[in-house]
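Two complexes are shown next, each including chain A; its partner changes from chain B in the first to chain C in the second.
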Partner chain A sequence: MTARMLALDLRRGPAPLVALVVLALGGMAALSAPDECQGAWNEAVLALRDSMWLVLPCVLAAGIWHGGRARRRGLDDAVAAAALPPARRAAVEGASLGLAVLAVFVVLLVAVTAGGCTSGALGASAAASALVTLVSLVAAAFVGLALGRTASSPMAAPLALFLVLAVTSVFGGWSPGDGRVMLILPGLGEDVTVADLTVRRSLGQLLWFAGLAVSGWLWASGRRLAGLAPAAAGAAALAALSS
Partner chain B sequence: MTSRLLVLHLRGRQAGRVACALLGVAVACWALVVFVDDTGMLVPVLAPLAAVSVLGFALGGADPALERVTPQRWARWRAAELAVCATVAALALLPAGEHLDAALRNLAGLGGLAAIGLVALGPRLAWLVPSAWAFAGAAVGPGAAAWLAPLTWPVEPGGSGLGYAAALAAAGVLLHTRYGAATPAPSGA
Partner chain C sequence: MTVLSDPLAPTSAFAIEADGLSVRAGRHVAVERLGLALDTGVHGLLGPNGAGKTTLIKALATVVRPHAGTLRLSGVDADRGDLRALRREIGYLPQRFGFYPRYTAREFVEYLAWLKEMPRDAVPAAVDRALDRVGLADRADSRMKTLSGGMVRRVGIAQAIVNDPRILLLDEPTAGLDPEQRVSFRELLREVGGDTCVVVSTHLVEDVAAACEDAVLLDRGQLVFRGSIDELEAAADDVGDATASTFERGYSALLRDHRERVGA
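Up next is the complex of A and B:
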């Protein structure tokens, strides 16, 4: 049953479009920066993560659009009356976007690899950083879903897209001199090397984004107050591990 | 009668919401110019993109197919709508300061793309076309190879890429004035 719903959602929802957008934007950003590649896995992962300032807001906007679809079409009452639990519906909707993003991320990694960025070993810190990128995208999908459930206006998705894009552009990404607060964004500053991305720091970010994803799922399921707890726990973990 | 029609038309085009959103764009533009040292592509690219995306909602009604069967001269109405929207958006971008020339160029070009998006996808999804174009240009970045110029003109400094912007603006105006907004597909809304 769940697999059939997921297949339907993948086919009828915005997942294929999101996959295409992430593939195009991430690929262009990563492959148009050959200097950052320098023939090593670690730099390839950083180049991919660098493109998140543009890709992440797009995934968030897609989640908002997807989350508000039932209400925009006047189907929210019918959906609410269905026997399907809201948590399961939200999980399927978020999973369809998450799966699309996961598939594209693997394709992008392979594409960057084909570009010659594969020498050297994939270190633990680079692997953890790649995982952070992936989980941040899944978190963006679920948070978008939650926002879409709250604000279903067709204008919500583009406005959120531009707002988040402005925020990520103004604040850039985390650099060693920035302190811990900037680690709440997945982006990285220009002067960051893999050596700065310790496994401990990445683990903190991983927990933060995982908490955000769970919060988004709970919020989209209608458990709004309970939904704040995982994000708070993730923020606490980030603060503790990034010190 | 005409004034009542105008009021109903403005209401149908979500004029209030769109005006509020445009005011937000103008304030954000001003704040970025005043408080941020290096705005990068934010003011010249993102501000006009936000403006044309919001205006896309004002250039089509809830049911464009129903509008077409009414005895109005829609080509004139659409041309007037485009002129008003372009003027209002240009006013919203006035705080762009030194980036004003690039912002106005992008307003024309991305506005043309939004009008093409209206004809192809309908008012609710029109913003996807200029956004995809601008983001693709931003992903490649300014100063790319010459063959990428049709893609990267929104992120180039002001003064270059005017031809592409003008061509897209003309195409958008012609297509929208002639055909109007598409009726959204049931699955797309």
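Up next is the complex of A and C:
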């Protein structure tokens, strides 16, 4: 039944539209970075990660929109009276957006690859870096879902999109100190090169974004205090592994 | 069978049993020290705007918790019991019932059946049956956004009955229904009420008179009257609008008497 509801949410929810929008924006951003296309996987992955300044806010906004749907549509009382644990409903809604962005991610990766950006085998650092991008997108979906549960106004998603775009545009290339603080975002900033794509750093980021995704899911399920722990643990892992 | 609250029977098998129940709506106490016991049958919940009907229905649906007193639903304490199991036994049509416009009627009822944790294998047949009972079998595959207000309300009734609940709570179910649909709905109520405790909150005294076995009248959160439809009719006096039905005049007389008694 859950799988059927996931299919229904994928079909009738915002996932298809999100996938199209993210594909268009991400594709434009990734493919308009020819300087970084120098024939290696690392550069391809870097180009893809650089597009996150645009893609990530869109996924976050989609999550907010989806998360606020029940209250916005007047279904909050019916949902509040439901036997189904909120965590399962949140999992289905987050998974539908997660699957949509996963599909987009694969398409973007294929597009970058087909553009002649890559040659040779996919190395561990490039694979880890690609995985970071994917998990950051899933985290954005779940965090958006959590925010949408809290702020269901129709203005919440566009406002968040505007604010996050403004922040990532202004601070996207900012590298204060040794630049470690910017690892909380999947885009690595202008001064970052392929040499920075170490497996160790990517693992730190992976744990950070995974923690964020779990926190978003817990928060969207109504477990707000418990929801802080995975993000905090992910942040600690990121700090430890990026030193 | 329906009786007033029975303090000597705390573990009795009433579907709904409230004792000294108070429920808040925000900071305001909307239901105050209510004693009530309801079992199988169709019960009308009447009262003017602000009487506390919707807040009471929300408490019965476990959407809001009691502020004071006890509320037992199917023998389970609604404040401390296993709400998950209890909620599977409840059907609820909220006063404000929204929908997802891109879903078809069938998909939407199926979605709500999933929220009620119905067994997967039972869902398709139950959804079809529920839509058929509200006369929407031919529109099952229509998108929700293409349905009229009355049809949406009927989808709301279908989702409330899809799990064959032990307790069915309907808040203003006839809002938006045309006269023919209201007549069909009353028939459905009588049919469902044969083995279910149905509580129908409404402004329409005529609906209660036509479909309910008894009536509960609230005013400003307090119980004004609990009795049979005949007793409601018998309370009518000659004061007020002579064109009103005897049920409506009974309703008005009971409210007037209560307000005089409490000095409101």
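The rule we apply is simple: the second predicted complex is superposed on the first by the 236 of 243 C-alpha atoms of A that agree within 3 Å, B and C clash if a C-alpha of one lies under 4 Å from a C-alpha of the other, contacts with A are read in each partner's own complex, and residues count from 1 in each chain.
Just so it is clear, a contact is a pair of C-beta atoms (placed from the backbone, for glycine too) under 8 Å apart; a residue touches a chain by one contact, two chains touch by 3 or more.
Everything numeric in this text was worked out from a predicted model, so none of it was measured.
Contacts of A:M155 after superposition: chain B is touched, whereas chain C is not reached. Of the two partner chains placed around the shared chain by superposition, chain B and chain C are both touched by A:R73.
With both structures placed on the common chain, the touch criterion links A:R200 to neither chain B nor chain C. By the touch criterion defined above, A:L84 reaches chain C but does not reach chain B.
Of the two partner chains placed by the overlay, only chain B lies in contact with A:C58; chain C stays clear of it. In the superposition on chain A, contact is made by A:L165 with chain B only, not with chain C. After overlaying the two complexes on the shared chain, residue contacts for A:R12 are found with chain B and with chain C alike. Shared interface residues of chain A (contacting chain B in one complex, chain C in the other): 12, 69, 73. Looking at the complex, you find that chain B touches chain A at residues 17, 21, 28, 32, 36, 40-42, 46, 49-50, 53-54, 57, 124, 127, 131-132, 135-136, 138-141, 144, 186-187, 189. In the complex of the two chains, the chain A residues touching chain B come out as 12, 21, 24-25, 28-29, 32, 51, 54, 58, 69, 72-73, 153-155, 158-159, 161-162, 165-166, 169-170. Interface of chain A with chain C (complex): residues 1-2, 4-5, 8, 12-13, 69, 73-75, 77-85, 89.
By the touch rule above, chain C contacts chain A in their complex via residues 58, 61-63, 83-85, 87-88, 90, 92, 94-103, 107, 110-112, 114-117, 120, 123, 159.
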